[in-house]
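Two complexes follow with chain A in common, the first pairing it with chain B and the second with chain C.
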Partner chain A sequence: MHFVKKVPTTEQEKAAKEKEHAKRSAQFLHARDRIIAKRDAGEYDDELLSLTQAILEKNADIYTFWNIRRTAIEQRIEANELIQKNPEIGEDEKLKSGQKLENLLAGELFLSYECIKSNPKSYSAWYQRAWVLQRQAAPDFAKELALCEKALQMDCRNFHCWDHRRIVARLANRTEEQELEFSNKLIDENFSNYSAWHYRSIALKNIHRDAQTGETRIDDSLIGSELQKVKNAFYMDAEDQSAWTYTRWLLEVGSGKEFLRPESAAPIELISASFHGNNTTLVFSRAVTVPFLLTFVDTKDTTRWRAFSSTSPHPTSSRVWQYLSDSPLRVVISSPNAENVEWSDLKEIYVNRRRLETIYDVVETPEPGYIQELLQDCHQLIELEPKNKWPLYMKTLVLMEYQPIKAHDEIITNLRTLSDSLDSKRSELYKSLLSRQKLNHSIREQFERLLGNEHDQLVVRYAELTSLEGVEYLAGLVGNADFQGNLLKEIHRIVLPNLHSLTISENPIESLSPSPSLSHLTFLSIAGTQISTVQSVMPFFQTTPSLDRLLFAETPLVEKTEELRAQLPGVRLIPHWL
Partner chain B sequence: MDEKLPESVDVVVLGTGLPEAILASACARAGLSVLHLDRNEYYGSDWSSFTMTMIHEVEENKVPKLSEEEVSKLSAHLSESEKLVELGNREIIENIQRTWIPRESDDVPMKEKLEKMGQMRRFSIDLVPKILVSKGNMVQTLCDSQVSHYAEFKLVNRQLCPTQDKNSENPKILLNPVPCSKGEIFQSNVLSILEKRALMKFITFCTQWSTKPTEEGRELLGEYSDRPFSEFLAQMGVTETLQSFIINTIGILQPNPTAMSGMLASCEFMDSVGHFGPSPFLFPLYGCGELSQCFCRLAAVFGSLYCLGRPVQAMVKENDRITAIIANNERINCRHVVMSPRFVPEDVPIQNVQKIERVVFATDKSIKEVEKEHLTLLNLASLRPNSTISRLIEIGFEACTAPKGHFLVHATGTQGDEKSVESLAEQIFEESQVSPYWKMSFTANSMKFDPEGAELGSNVVVAPPVDANIHYSSVIEECRKLFCSTWPDLDFLPRAIKNEEDDSEEKEASESSETA
Partner chain C sequence: MSFAGLLDFARKDVDLPQSSPKELLKGLHSNFIQQYEKDKGGYHYIMAEHLRVSGIYWCVNAMDLTKELHRMSADEIVDYVLSCRNKDGGYGPAPGHDSHLLHTLCAVQTLIIFDSLQKADAESICEYVKGLQQDDGSFCGDLSGEVDTRFTLCSFATCHLLGRLSALNIDSAVRFLMRCYNTDGGFGTRPGSESHSGQIYCCIGALAIAGRLDDIDRDRTAEWLAFRQCDSGGLNGRPEKLPDVCYSWWVLASLSILGRLDFIDQTSMKKFIYACQDDETGGFADRPGDCTTLS
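Let's look at the complex of A and B:
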């Protein structure tokens, strides 16, 4: 249990305890052997019930014994059913048998109640209750809900009880509105209750679910009123993270997507399709599998597809796919629900411009009124509590979502403040947000040029990038990438399979892992990295057959030039700046 | 009534008011033989509660002075060296006025209606209404001594703080429910979001401050420690409204506070929040008069003998000691006499007297009506800044002090040169469209006598008088001091020996308040 202090025991108490323990374990072993013997003999009789009961009363966590009890009870349930069905047995007898069974089930509730009283976190005891309730003729749900409430009063974070309550609420056909009201009650009592806020979010989602599509739609006015409520909590205790987490959930559900994951809720769309001489590259807004992508193309062939991902060398589901062939595929470029299917033979690159613009926030969407209010609230709290990370973090997230262009400088400053002083324990988190902001910022600047047919070069230099996540949407457009002077550590996380030229100079890279995504490289610069041995790069070069120039100036590898030359005979090695 | 009283006891206690009852129970508990006498037929003396049918009795406890004939008759009980000291019957409660107020809206007068429905006895009209602080010394004593077993309590679950619009010419009194616990603050719609924040900060400050030793606490307050509490709060950035809430509600235990005393009072308040429920205060069911009876019951359990409605006439004095008292023409020898101020002989000079203005109204609508009935405490100090005490307590059916749908509103004020609490109460009634149908007003005299004065006798203990304080802390503390100085080798209401079956007193108390 939470909030309960441990009291140290004295030596004397310890000795007494040990003695008691020895005695009890002898008793336990005896009873256990008896129970197991009876079970093996199939004797699921009253004695077995009372034996298991006696032990469970002392230790509710022995799920085997609960299991035995359930078997015993199930046998009696079956026996009762036979009696009820038998026309030769009189009504009195039937009534009696039914009553006996109900008494047994009620007794089971009583036993599990006693167990929960002494051990409120016993999985088995809670499970037994739910199991019994589903077998009783007329379970008393009101009483059960009251029991849950009492248990939650004692420990509002007892997830066993929360789970049980969910089951009871479902069995009792409680409406989502009633459950919402229940969350209100708990939050009103004490808003520092993450479980209650979470329960509330689930209830709200279910209440506002579209009957046909199953999608949750929560309108701005509800988001606004929920924010008013949760605002009380974060103003009263700005350190309380349950309120902030709920706020974030609200904003996400309000915007219809997960924060900083622009593609998370919208339907899957084709982002780009392009032919690159030996392959057709398809990029989707979300990870897709071969059967799905076959609906976009004029081939049934499933063998010549290759997927690329930053986390797996041979993914089966991915956003980026290549079809290996010397001629372009024909591709469906109309939106999924358009009336007429429109095909492209990829004489020129197909780009879903509208979708790419949303992904990289090329155009800022106007923020709803509640967002403006929240920004003001955060601003006020930042002034009142300059040392508290939460309002600054929340404000920064909102700015990244709604004003990534206008507030670029502020976002960068805030993330630095968070990572350097306010919350340095989570500095990596803020650094990755910073990296994302800078990457997107840079992509926005080059957006028109990249979408034009003239250039395939992406340049993001000295931008503190720790990750290139998100760059894969450009897989069909970028052939030449320059990420010089960033904080990238691993080359294999770059998902740009059409790259022929890559500069990752001055990044803290120590070795090169093999990367199927970079197999078309002809030029690679690893100058100024920390790569020091030939062994640490050779596995990679085995996957880059087309490589003809390698720049590795200012690396410890320079001293191994001869060794490297022996390994890479056809490659022009450039150990020094020209 | 006519059974003979014992000839000799250790202690005779005169009057069954709360302080006398506490002292009687402490004596009995400590093993002394106690005879507890009261001239009235009812328990509680000037601390009692009355039903509407009995309330007239409060005016009827006049005792004529002993005639010369009676004096000579009583003198027969004396030995040569002894002399007779006539006991007083001081006017503790005076200027009593009771009226049924006719109302246009009543087709049948309320009195008739209540009588017809047999509801008159459902009232419990306190002479001295107070609240108990959940973690205060009174509750502690009640629990320790197990007197709490004889009573039930409800939470005083609404604290109202009045505010007035300063710019308006005839400002209305707004009654604002003040949130006290985290949950209440969260739900409050009286405070702005920044005020909620400031209040939480203040509460957090209290929690930290209360763990500091006194001197360090004083240092933390710096130059403000002896300046008004409001100045200290203002420099913390607390708005004026919230200052008023904090000073008058959270700091209610200390009238006219300095930063130091205000902080101490606030900490005491906050410490009690959450002990039995969200409110820090309890109120005894059936009224405060119950408490006197409960202590008497404990005394009786430990052998104290009770005689009510007994004419208590005089004391017998030898040199500077009282050797006996004479009641109902019987002489009872005793080692000590405990008496309420009412019994102090008329010739003993009063050291000082505080006049307490008391008015009780009976209404059939709450001063601030909401769905649920509340026990309400309303500090009027901000409307009478020059007086020490000004407050209303509204209690009704929930506290078993009035029939369903009815309330008693107790106004208590120390006298000052300002508007009376009565007129403030009436203004509040008018503005919230409440028309009381019954009213009783009186003055309670909080009399103090020089404890060193030779007139009384060295073995006489005068119990503390009725007082205007909101809580019982001073009563219980004074009783403890008196007891400990009179019987230095005895314990004052020590912790009861626990029985196996009744787990803990605290549990008992919390269970009874759970009904709140």
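Let's look at the complex of A and C:
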């Protein structure tokens, strides 16, 4: 039982309870049988309504009984409609019939209210309210909104009530501004209210959403004033996640990297298009599906596409797609909806440089005025509460957003502090952010070379990479990757499907899982890894038919060279450094 | 709520008592479940009728995971589940109750565990599920019309397990899920709703079944989930809430789907889960010291 403390009971108490339970079970079973029998016989009469009411008052979660009540009510609504339409029935009787129905609906609201009072988390009881409100002739929305407020005063996080509030606000045609004001009120009463801050962010987004594009544009001055508001909250309690989450949203909403975020409504853009002899590779700013892809290319063929993902061997949406064919596709390199659509026959690689620059922070975003103040606030809180992870984390997120190049060293130091001492429970989370920071740093150093046509090599060595999330945007540009000396544990998460050469030496890898993304490999180095058995690598090698050289020096696998040779007859095995 | 409970509530975490169990009491739990199955005349059993098929699935699954399935009365359970089928092709929680997507999924899962799926009519089940998909891609849980992202998972999982995922309009269903995707990386019940661990499990579970996990910023979602771990090691369902053992499942399963299990501290989480066990009766409570529960 949730929230019920276990307490010792005496034999006597136990016996009394058992007796009570036996009585209540018998009553329930009797009523249930009667309800079901009446329903099956189609007798949706007043007795059925009172039987279901008696049970629901004690247990509001028996959704079937609510369904029965709604059927009974709908029958009465229909009957009333017939009466109202019938010219032979007098006005008095019509009025009476209408009033009777409204009384029934009002009674239903009261029943639901009683149910919610004893079980504020009953999905069915809340649903019934919204259902009734949509059937009343003149629903009292003011009263309903007041009820929501009352329920939120008792539990300001009750998401059933918040969801109901959203429905009522819509039915009552409340404006987003009014709902924003409502969030103000709740936040002023108690700033530690994640639900209210969330509600606020939704209202703000709706107010500032471009009706045509769906994108949210909130100007700097509004972000600044919202930051002032949320600042009070994090100064009051710097451990409270509500304020920090809202701050982070504000931070990200204004930075121009919106297309990388959850909920982004920014149009999906082509990042690169390239021909690789046996396939055309398309990379997008967000995951896309085949029907979307077809709007960018000169084929209607849906069968030759392959998608790649780090979490699934057979994704149906991805940022990285290959079209398998010996001749290149023609590709739309403008927006497919543009007036003059621009095509490329891919004689040379198409690269969306501007987007890649944003993805890898090649150019820092200009800082709006409020950023310095936010940094100072974080700094002050770090001094006041040196053991609190939140201000340091927020400061680091701000730096990653606006000063990823200038503050690279500080970002690394902060993430290490968070990982090693301030919040070691989530050590791997900070290490993954550190990994991404270092990956971006390294890609920036190679950026011009990668975008040029001379080389297809990406080298990120000894950079503490725990993940290669983010590298997939380069899937059309990189054929040769060297990730020696990192902290990678799994090879199948690499989404670079045009790799012919891969070095993952000196990573803590113990086995190789099959990876559709690495099927073109001709060279692989796993030297210095912990791979020890032939069985742990063979499933992978069954997916690499073109492999001709395998370097595995300084692995326990060296002792199994002969066994491996028997399994991989066409591959040149290199068990020792040359 | 007791005074001790109020204190926990105020500081949004709990202490693990010294005397708490320190390991998994597997035997006690299977006894607890077996006892529950036997006690069909019991008050709690009778009063939980509206949850039964779902409850059966969770019990049977726990017994299967602990390799104690042979202690359950397979034939009786399968017959009971089959008796919950309604004319519309779906399953209710108990005979006489209306069909619901949740119980339909749990019926299919239970039948699979007992290798009895051939006793169900896959086609009419999928027709039932399909009939609950709305124009905007969402699903109602039953004939009531209540829409919730939980029901998207139920429908995807049911049809997937029956090998008929293509019966559904996956594209529009995913579009609806993405409208429930929040800036903090989580998902809520409906568009605009606050993020919630259970809801996240349902949404990313559905996306994973559809091969659409790349539609979201996985690391942002995983980060939100990682911050569900409290100092006690237990996981909560939303920010600033008390830990509750049930979220060990919703959060952990979600992190596992995202390939980010290492984002939380597994040692302290295990300690919390062990401490939630009742070392007299078996079973788990929501948090240390509370009463055990099956749901």
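FYI, the second predicted complex is superposed on the first by the 543 of 578 C-alpha atoms of A that agree within 3 Å, B and C clash if a C-alpha of one lies under 4 Å from a C-alpha of the other, contacts with A are read in each partner's own complex, and residues count from 1 in each chain.
We take it that a residue touches a chain if its C-beta (ideal position, glycine included) is under 8 Å from a C-beta of that chain, and two chains touch if they have at least 3 such contacts.
Just so it is clear, the model here is predicted, and its values are computed rather than measured.
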Fit or clash between chain C and chain B when superposed on chain A: fit
Contacts of A:Lys231 with chain B and chain C, given as first, second, both or neither: first
Which superposed partner A:Ile371 touches (first chain B, second chain C, both, neither): neither
Contacts of A:Ser432 with chain B and chain C, given as first, second, both or neither: second
If touched residues of chain A are counted for chain B and for chain C, the larger one: C
Which superposed partner A:Thr64 touches (first chain B, second chain C, both, neither): second
Centroid geometry (CA): angle chain B/chain A/chain C, rounded to a multiple of 10 degrees: 80
First (chain B), second (chain C), both or neither touched by A:Leu133: neither
Which of chain B and chain C A:Asp188 touches, first, second, both or neither: first
Partner chain in contact with A:Arg24 - chain B first, chain C second, else both or neither: second
Minimum C-alpha separation between chain B and chain C after superposing on chain A, in Å: 12
List of chain B residues in touch with chain A within their complex: 182-183, 185-187, 193-194, 196-197, 200
Touch list for chain A against partner chain B, complex: 187-191, 231-233, 235-238, 380, 384
Chain A contact footprint on chain C (complex, rising order): 1-2, 4-5, 41, 43, 46-47, 49-51, 92, 96-98, 100, 142-146, 148, 170-171, 174, 181-185, 188-190, 192-196, 208, 210-223, 226-227, 229, 233, 238-241, 244, 257-260, 262-265, 268, 278, 285-286, 289-293
In the complex with chain C, residue positions of chain A that touch it: 1-6, 18, 21-22, 24-25, 28-29, 32, 36, 59, 61-64, 66-67, 70, 123-124, 127, 131, 157, 159, 162-163, 166, 192, 194-195, 198-199, 201-202, 240-242, 245, 248-249, 252-253, 260-263, 286-287, 289, 291, 309-312, 314-319, 424-429, 432, 467, 469, 493
